[in-house]
Every structure is written in C-alpha cells, then in structure tokens.
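Presented sequentially are two complexes of chain A, the first with chain B as partner and the second with chain C.
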Partner chain A sequence: MAKEYVNPQLAPTNRPPRPVNKKMRLKESGGVASWLMLSPSLVFLCVCSIYPFIWIFRYILYNYDGIPNHTRFTGMRNITTMLSDAKFWGSVGVTFEYALLKLIFIIPLALIMAVLLNQKLKGSSFFRGVFFMPTVISSSISGMIFTFIFATGNGILNGILKSIGLISQPVGWLTDTSVVMAAVIIMSVWAGFGNYMLYFVTGMTSISEDVYESSRIDGANGVQTFFRITLPMLAPVLKVVLMLAITGAFKDYEAIMVLTNGGPGTRTNVMFLYIYNLIFGTGSNATRQIGYGALLSLVAAVIVGAVTIVYNLVAKKLDDVV
Partner chain B sequence: MAKNKAQIVYSPRQKAIRGLLWLFLVLFALLVIFPVLYIILGSFKQNQELLLGGSNIFPQSWIVQNYVDAWNQANFAVYTKNSLLLSVGVMVISLVVSSMAGYVFSRKTFAGKELIYGIFTAFMFINVGSVSLRPLYELATQMKINTSLWPVVLFSAGGGQATYIFLCRGYVNSVPKELDEAARIDGCSFFQIYYRIIMPMLKPVLATIAILSFRQGWNEYIMPRVFTMTNDSLRPLTVGVNMLKNAGDGAAAWNIMFAGATIAIIPILIVFICFSRYFMGGLTAGAVKG
Partner chain C sequence: MRKLSMLVALVMLAVLALSAVPALADKTVITYWSNDRHDEAYMNEVINKFNAEHDDIEINMVIMTDDFENSILLAYDGGTAPDIIGQSVTLKNMVDYEAVVDLAPYIEKDEEYQKVNDPFNHKYEGLNAIGDAIYWVPSGMRSGVRIEYNKALLEASGFSGIPSSLPEYIEMAKKISEDGAANTPQTYGIGFTSSSPFERQLEMMAQVSGVFYYDYANGKFDFTGYKPFLEAGRELVAVAYPDQQGVDNMRAQFAAGSFALWGNASQEAGVFTSQFPVNDFEWGVSPVPSLDGEIKGALQTNPNKGYLMMSSCKNRDAAWEVIRYLQSEDVLKGYMEGGYDLPITSYIDSIIDKSKMGRMADFSLLDYESVYPAVPTINLIGDDYRTVLWNAIMGYAEIDDAIADLNTRYNQAYDEDVSLGFVQRLVIADYDPLHPSAGTVTWETK
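Coming up: the complex of A and B.
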C-alpha cells in the first residue's frame, strides 16, 4: 500500500485522490483482525471437514486395518471386492427400503399434524411442543428406549398387546425378520416427525388468512380446503422438506445401530451401519477393513447424492406439469 | 379455522368436529409421550418387576435405589460430568467461533471469501458417514490428546460449525452497517465493533446457537463412542448407558439402564421445556438461511 500512496499535493489533478484513499483505508482497517477472527473456523474446516475427506481418497486402494505399518497397496482389489460384495449391495437395498418406508409414513403424518395444529384448537402450542419433543432426545437414547419397548419377553408393547387380547404369543419385534423393519420405522418416525411437522407449521402460517376466508365463503369443506389451497400453497415448503427428509433417511444409522445393530441377520443393516462396522467394528471378525470401508463410504455418499439429484429432477418436472 | 381476532362462531356440527380433532390430538400426544414416560416411570421400578414385564407402566412400589446404584456403582457420576463437559464445551466454542466468523463473512470483503464460503456450503452436503471419524481419531492419537475428552469437544464443535456460521452471518447482515461506521468514527477497532456493537445485538441468534449446540454436544453418540472405545472414564451418558446394554450381562441390569437413560434425557428435556421457543425457532431459521 505504501507504494500506492501519493502525496495529495503532488497527485495528478485528473484523478481525485482523497475518496480513493479513504476507501482504501476503511477497507484496510481490521485486515489482520478479520483473518484472526476467521482463523478458528478455518482451522476447524480444514481439520474436521477437508482433511478427513482427502484422507478417504488416500486409502480407497489400500488394505488398512488400523495399524499404521500394515498399510498395503492392493490396486483394484477393493473395487472388485465391492462389485461382488453381496452384503454391501444388500445393505444398499435395505437402505432404500428403510428410507422409502420412513418417508411414506413420516411425511403424511407430519403434514396431518401440522394441519391439525393450524386449526387453532385449544392447546395447539402445547401439542406442538409435545410432538417436537422426541427430536431433542439423542438418537442413541431413543434407540435404547425402543429396545426396551420392543423386547420380546418383558417389553411393554407385547405386554399391552397381550393384556388387550390382540396377541397370544409374544411378537419378536427385534428378532423376527418379518416385523423388525416395522419396529425400526416406528422408532424413526417417532423420533423425527416433529422436525418436518414444524417446517410445515411454519410454512402454513405464511399462507394468507384471506385465502381461507374466501374459500369458506365459497363453501369449501375442510378436505377441499386442504387439497385445493393448503397443499398447493405449501408446495415450495413441501419440496424442501422432502429433500431434507430423503437425505436424512438415507443417512440414518445411529438409532438403528442401538436398536437392532442391523439384525436379525442383515435384515436392518443399512449401508452406513455396514460401513461403520467395517471401520470401527469390534465384532467376532475383528479384522477391520478401513481402506475398503473408505471406498464404500465414498460410494454411499455418491448414492445419496444421486438420489438427491434424481429427486430434484423429478420435483422440477412436477413443477412444469402442475 | 381462522385466527382473526374477531370471534368465529362455529355451528354445532363444526364444534363437534373440532372436539373430535382435539380428542385425536390428545390421544396422539399421549402416544408420543408414552416412550419417554415409560422410561422415566420404569426407572423407579424394581429390577424384578422390569424383567417380568407386563402392561403396567406405573411402578408397583416406587424406589430410588436404581439411581443410587447407577450413580455409585455404574459410574454414572463420571458419565454425567463428561456429558456436561462435552455439551458446555461444544456450546462455548460454537458461540465464539461462529459469531466471529459470521461477523467477518458479513462485513468484510477479501480475496477468496466466496471460495471459502462455497467450501463451507459444500461440506454441509457432503456426508461420508462415520469414516471421517477415523482420521480424526488417528490425529488425536498422534497428538496424544486422546486421553481427554477435548478432541471430541473440538471435533464436534468443528463438525457442526457451518450451520451456526450461516445463522450468524444472516443475522449480522440484518444489522445496519451505519452502526459499525458510527462506532468506527468513535474510534472502535474492527474487533471492538464485534465485541461492543455486534455481539449484544446478536443475542437472539446466540441464544438459538447456544441451545442447538448444547443439544448437539449432549446427544453426540458415535464420535464419543469411537473415541472412548478403550477408556470408560471418558464416556458421556449416551455412550455409557449403551455400553451397559452391550455388556454381556446387560439383560440383568434393566433398572440401571432405565435410570441411566433417564439421567441422559431429563436435562435436555428440561432445557427444551424452558427454551422450546429457541429450539423451534432455530430449526426453521437454519432451514431458511442455510
């Protein structure tokens, strides 16, 4: 900057120097301070986000079990293993099944509850708080709570169903492959629908009251009002919420890990859980496959990304049609 | 159906429908509360009763021995201390780091700003799952800081910072720049403007961030689980109570696990009840701004 500084008295008259200099000085002030203030978040960004991401690429072609000098370059072997890894592709299938089922239940439920709360019934804000409450509980703890509820022998769900005579034999909610997915879905819908409900409630408050009033004057009933007014006017919010819900559902694994740990067998083994066990697993086959896990993580991230892109394309198409 | 200040008169039929809807909401609310109620009430039951099962959610006789046992024998005093350290640590670091970064991003123009901002955004969407914990774990081991809970605090705060930075930046944007200029004329430096002018005005958004980051730290599970795999005395509640479940004799200690799970959810529920406004406000603000 010193080089650019020109004594005003010597400056060429065709370029007024004062405003320029003033602007420079204002911009200059706090240059060092601003970098210092930004540095903690930049360090965090580098260490917690960029470094792990690069680290993954370093290991995708390696065999690595967590002991530093055991690292071995294996060429394309991880990739060929992946292509024929039925367990992995099975877990991808489970992820899609889980995500689809979760969305089918959680979105309509959140929407219905939002509509009901929007009716301004007595205690609406209390109900809103109650419905949102599960989302503040750690997913590990909610997984645990449902392990107790769904327990076969002494779980309270079987106890209640038995006492009202719906079942005679206890149901193996977490041990029977035909019902375990239902148990997982119940838990994840319980734990998550409050989030989406709140987005819908917020979206609905921005719909003008006049629209409802005129529809009432025209004699629309509740159902008509919902399909003809609320839903179309909520479309932008719905699109965002669906996107969040889709990516969220594909990333779930913490609560499932606690509830079923992927079992029985691999019935609820979603892909991120499978990968977790490859990288941090302490099971009987304690041979960790970190390099392979890194490759699968990347593939999983690409799958989630692809689903998001497809969803966006479909949403755009629907926009054109409607 | 309307929120006009003028009272709306409902026909008897509408009243009946609204009554039914209300009843439905009450029933559904009970259903939502049930799991939490079950775990809290169950923590006062005797283990014998828990292992027997049945359909009664109220204890036959109320006992607090489970809490005494959990606290003294099952290490829950240590877990609770760790949980507090983790959540308060993440909260303080998040507040300081994100408010400074949000302020700089809002007020400064400098080379590479867009690029840095873009990287922040990109990493909000890139999710590779638990694998990213592995390099962080190895980093902590190499730096020999893995004998404390601090790496978990730091990495958790670092992983969650993007949302909070966006929240702060959005809020600082809405503070008129004239305030900065007035302060500068009065002789405030860049940092002093942040500290004396911006910070006090950021209070609402800082409250939201405080709540959200506290919850983040309190509920963190996978990361502390990985980092404390071999060190029981560093575990927070979420991990400690789950390790009890995984232990071979877990089936026998239902009462301790119920008490432990209750200890893990009660504080965050109290925070939620007191500050539910910020919880819910933060969620939607983050969605709009992020």
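Coming up: the complex of A and C.
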C-alpha cells in the first residue's frame, strides 16, 4: 500500500513550536523601522513639549519670579489666589465671548468665500491669493496695521465713516469699552478667514463633478445644491476646520496684545494674554509670576481641552443624526 | 607652464590678501544693549569714532526699546547676553540673578573716571548701588516731569502760562477743549498716552503735593493720598484728546497741534526739536501744578545713562575700557551740549557750554527736585499701582476700591517678602517729603 503523501510543510510535527522572542516579533512586525522613523519626532515632542510642560508644572505650588534664589514653596496659595482672581475669571469670560463672536463670523465668511471662489470665475485665483494674504502676515504686524485703521482721532476707518456721513463724531474703536470687542473681532476675522477658506476650497475640489451634474439634471437650484450636496459632502472638512478654529480662537492673544493690550481696562484681556503678562512680567505686572502663571496655564489648558472634548462629542452626535 | 605659474602666483597673492583680514577679526567685540533711542545718532557717532581709533576693541551697540529687562535676562539664560547694558533695569533683580558685576574695583583704580563722574558721591542705595558695591554710575540726569504746552492754543483761550494749582489746570484744559470744538480739525486741552499715563502727569502732581505711594516714615505702602488726583484725572480725561495711543504717536499729535498740554520729562527737549520737530507754533515748558498751588514734596528726578557690566562678559577689562570711554569727559561734554541729558556732576556742569544745550535748558533742575530713595522691590501678584490707578481714572474701577486693593496687595506682598528675608523693610523715621534723600535710612527685618 502506497504511503499517502503528506506535504512535509503541513504535516503535524512533534517538534515544539519555534520560540518567538520579543526581538523577533518586533523585527517581523517592522517595529524597529517604525520606532526609528518615529524617533526624531518623539525626541522633539519630549524636548519641546513634554519637558517644558513638566518644567513649568513643578512651579504651580511655588512663588517664583524667575530669579533662582527667589523660589519658595507656598502650598495652596496660588490655588486660592486663582479661585478669587476676578481678573483671571474675567479674562476667561472675555475669551469665550471673543471665541464665540469670532467663530460666528469667520466660519460662514470663509465658507461663503470658498463657494464663490470655487465657481471658476475669472480672477478667482487672484482673489484666493488676496484673501489668503493676511494669513501670512505676522499677528503682531496685523495688530499694528489695525491700530492705524481704528485710531479715534486720525484713524482711517473713522475718516471713511465721517466722509460718507455715517458718523459725526469719531468712534473710540480702541478706547470705548462698548465697541472695542467689535474692533478686535474685525481684525481677527480679517487675519484668519483666508486660511479656513483655503481648507474649504480644497475640500470642495474633492467633491465629484458628477454629483453636481446629477443635481442639475434633477433641477436643483444653487441654494439646494449648497445645502443638499456641498455642505454634507464638506462635513469632514468642516469638522476639522471648526476644531482648528475653536482651539485657535481660544489661544489667540498676540494681535490683541498689540492692538489693545487687553484694554481698555480689561475689556479685551483674553486668558492667554493675561497669562503671558504674568509669566513674563510685562504689561501692567510689576514682577514675573512664573509659579502663578504656570497654574493658570494649566487651568487654561484644561478649559481649552474641555471645550474641544465637548465639541467632539457634539460633532459625533451630529454624525449619528445625519 | 607659464599659465600655471601665473595661476600659482595669483593664488599666493589671494592667500596673502586674505591673511590680512584676521587683523579685523582679532578685535574683541563688546556688545552694548541700550534702550535709549533719542540719543542714537550721537551714540553712533562716538562709537564709530572709538571703533576707528581702536585696533583691539570694537563696540557693537544694539538698541532695544521694548521689554528691555526681560530680553536681557532671557539672553543671559541662553548664554547670548551682551557685555554691557543700559541702566533701565531693576537693580535688585539683576543682582539677585548674579547677572551683573560690581564696578567698584575698576572705579577705585581709575582716577580720571572718578574726576569726571564723581561716582562715590552719586551712590543711590537700591538704584545704582547695594552696600559697597556700585553697579552703575550715572552720566547725567533726567529732569522730573514738566508740562509742555502749545502757546498758540493757550493764548487763543486767554491763557498765558500754566497755573500752579490742579483745579486751575483742569479749568484751563476744559476751556481749551471747549474752544477747540470749533476748530478744524478739532483741538483739545490735554492729551494722554497709553504708555504709563498716570506717571507722566498726575503722579508727579501728587509728588509735589507731598503724596507718595511709599510711606517712608512707617515703612509701608500707602496709596490713600492719591484719591483727589484720581478724581481730578477723571475730569481731565473727559475733555482730553479722544485717543490714548503709544507715546510717540501722542508726541506726534502734540507736535501737530492736536492738543495743548502734554506731560513728560527732559527727553522731550530732543523729541520736539528733532524727532517730532514743532514748527507751526511755539511751545513752552512749565513745572507741574500741585493740588493747592503749594509745593509740599520733592519732584522725582532720575539719575540715568549708566552702564552695567554683565557677569557673563568674557572680556571684562575691555568692557571697562568701553564704559570709561562712554563716560569720558569728551563724550559726556558732547552728550550734555547735544541736549540729551542734564549734567549730574559739578565737573561736567562746569565744562559744558550751556548755550549749546538748546531747549534742554528749559528743563534745568528745580530747587525742589530730588532723587527718592529706591522703594524695595517686592514680588507682587497682579497689576502695578500705575495701571490700577489709571483704570480708576478711566472709570473701569471705583476709586476707593482701587486704593483699597493696592494697599492690601502691596503690603501683603511686602510683609511676606520681609518675613522670608528676600527684602528688608525700608524706614526713614525722620523722612521729609521735600528732602526725601536727606533722612536716616534704616533697614528692618520685620
């Protein structure tokens, strides 16, 4: 009787399974290469992000003004100071107001401009460049430009408004507490919308022309096409843009520092401007407060993180609904 | 072969030519950071002269007008600090940081420097010296604040000069603003800058009225006396030029005739003759008014234009050579005659031609101007007093609340710093507001 052929590779064997050590598993899964490729960014993450965070975190219970022999442990004092620091909590409120107003204007404006410039009309590339240009200007330069525009006595805006008869007395754009926030929002929307517009334009180019053609055949008008096709198909991009816009708005302070330095009074004193001035002993602060500033940085990071989490939850719920 | 020889010869010539270059590179470069812009042209001139005359040392001056102290400390931490810095820093912080060098050993050996700068008679505890250590020596003096005024606008409203009392001053500002409403463009009685506005007029009016934020006699902070000046400030702001822009913008507005009254110290002599020259009207200079017209306190004046040597300086002898040059007779004579500062030593005062000082002569020291003893540097959380008091003037805070807040925060921070041994309590039991530096200084540990 002929012996049944058994493929030696498939045949059961009494040999114990080859021991696979960790080293081999790492090699087989390409782990070494991955870690090698990741290592530069990991080093930078540790050096530029994690280490500074730990460095500053250790001072949250200290009174420290940056001078080495002035470090002193103050226990819970920074925390109790923070809880009763009306100026800090006021700055948190100002930050929410600023972020909300900025988002209300910047996202729709960026979206509308993206839709208009995506129509492949003559000159749309030129305007795309023009609207994007403020994004490449440094924030402090933006702030300086707008100090000339918003100056009360000799400002460009008041000059125009007066010449066309809209105002008789100059508006105190930067000195009147009731209008200064509008000035700050105008500047930040001008400086930022071109960036978000570009994201939207990029998102729109990925929507197939066939979809639009079908909608045209079905008789959809422009508004219907926008709400039924463009907007839903832009949803993933919109989600990312919104997230960037929210975190960006909460962290803005550079241009505000130049334009109003948080004033008049504390009317535009956003959270991170307050913290910056504390840590660097600038603005109206008599001395550097690195310890207290470190604690406020942590609280501010928690606030921004909480807002981002809430946004992500809302966005997820909306996904489920849609 | 001939071509090759030519090529070799050319290469050799090039090598020889290049070998001459290291003579320049061998110079010791001493970097000096200044935060004075008003004297830039003159300083460049004397530095260029020094560099041309010296084969061994080269001065590299960098002007940094913003965030001066922070920039220095950040550079010091990063190992890129300059060798010499201007004196506009908090001395105690720099000394505690061990960032500056005691210049006394250099000064003691330098008789010419002593003759010109009289350093041992211009030691101000906490300001340029701590104990026996001298960290900088003033080259000159900035006057206390004066009122610079537009004579044409004053005369148009029926005034010939600045009154001696604050209520009259307010009435004058109101009248000029009222009259200016009819002008095109509209003109105003007074203007304030956004940059430390309280310091530039009202704080100095308080000083000459005998009000100061540090109670030297009892060794504590006391802001209570500022109340009438804050109330006066509210009246002035109500009729002021509607913007409070940066100091240079407001200087430009004054020079353009937009408002009549401006407050600042002797640096304005140069500002209104060269930086923003006033050409269309005559401008006058007057002492600041007091609360009731009577002088009850000294007006603060500031010794200035000093040079500190950083402890990170690797060529200290060369750095000292630069300092002694910048404070030499020739350089200081030109500096004072150029109208950049007022002389602080009797020696410099005796050798300068005062007719060359231009409008600086209008800022000559008053008999009630004096250097105040340096108030202890404390580790304060939150806004400084000038910001809080100006916010109260602008109506962003109640006056009584602002004063109570300052009294509490400043004294809490002071008490804590004293208890931890970071500062000592400065007490001058026989303090006289008209002669603030004449009293007996004691330092207490409680």
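Keep in mind that, in the parts below, the second predicted complex is superposed on the first by the 271 of 322 C-alpha atoms of A that agree within 3 Å, B and C clash if a C-alpha of one lies under 4 Å from a C-alpha of the other, contacts with A are read in each partner's own complex, and residues count from 1 in each chain.
By our rule, a contact is a pair of C-beta atoms (placed from the backbone, for glycine too) under 8 Å apart; a residue touches a chain by one contact, two chains touch by 3 or more.
If you're wondering where the values come from, they're calculated on a predicted model, not measured in any experiment.
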| item | value |
| --- | --- |
| Fit or clash - chain C, chain B, common chain A | clash |
| Touching partner for A:Gly153 - first (chain B), second (chain C), both, neither | both |
| Partner chain(s) touched by A:Gln224 [first = chain B, second = chain C, both, neither] | neither |
| Contacts of A:Ala294 with chain B and chain C, given as first, second, both or neither | first |
| Which superposed partner A:Val240 touches (first chain B, second chain C, both, neither) | first |
| First, second, both or neither for A:Tyr51, with chain B first and chain C second | first |
| First, second, both or neither for A:Thr202, with chain B first and chain C second | first |
| First, second, both or neither for A:Phe280, with chain B first and chain C second | both |
| Which of chain B and chain C A:Asn312 touches, first, second, both or neither | neither |
| Which of chain B and chain C A:Pro264 touches, first, second, both or neither | second |
| Per-residue touch tally on chain A - higher for chain B or for chain C | B |
| Stretch of chain C penetrating chain B in the combined three-chain arrangement, among 77-85, 365-373 or 401-409 | 77-85 |
| Chain B and chain C footprints on chain A, overlapping residues | 147, 151, 153-154, 280, 282 |
| Complex contacts: residues of chain A adjacent to chain B | 26-27, 29-31, 33-35, 37-38, 40-45, 47-53, 55-56, 113, 116-117, 119-123, 127-134, 136-142, 144-149, 151, 153-156, 158-160, 162-163, 190, 195, 198-199, 202, 209, 212-213, 216, 222, 225, 240, 244, 247, 251, 253-254, 258, 272, 275-276, 279-280, 282, 290, 293-294, 297-298, 300-301, 304 |
| List of chain C residues in touch with chain A within their complex | 67, 69-70, 73, 93, 96-97, 185, 194, 241-245, 249, 253, 258, 377-384, 386-388, 391, 394, 396-397, 420, 422 |
| Chain A to chain C touching residues, read off their complex | 63, 65-70, 72, 81, 85, 87, 147, 151-154, 170, 172, 174-175, 177, 261, 263-266, 280-289, 292 |
| For the chain B and chain A complex, residues of the former touching the latter | 1-4, 17-18, 21-22, 24-25, 28-29, 32-33, 35-36, 38-39, 42, 50-57, 96-98, 100-101, 103-105, 107-110, 116, 119-120, 123, 126-136, 139, 154-155, 157-159, 161, 165, 184, 189-191, 194, 215, 218-222, 226, 229, 238-239, 241-242, 245, 254, 257-258, 261, 264-265, 268-269, 271-273, 276, 279-280, 283-284, 287 |
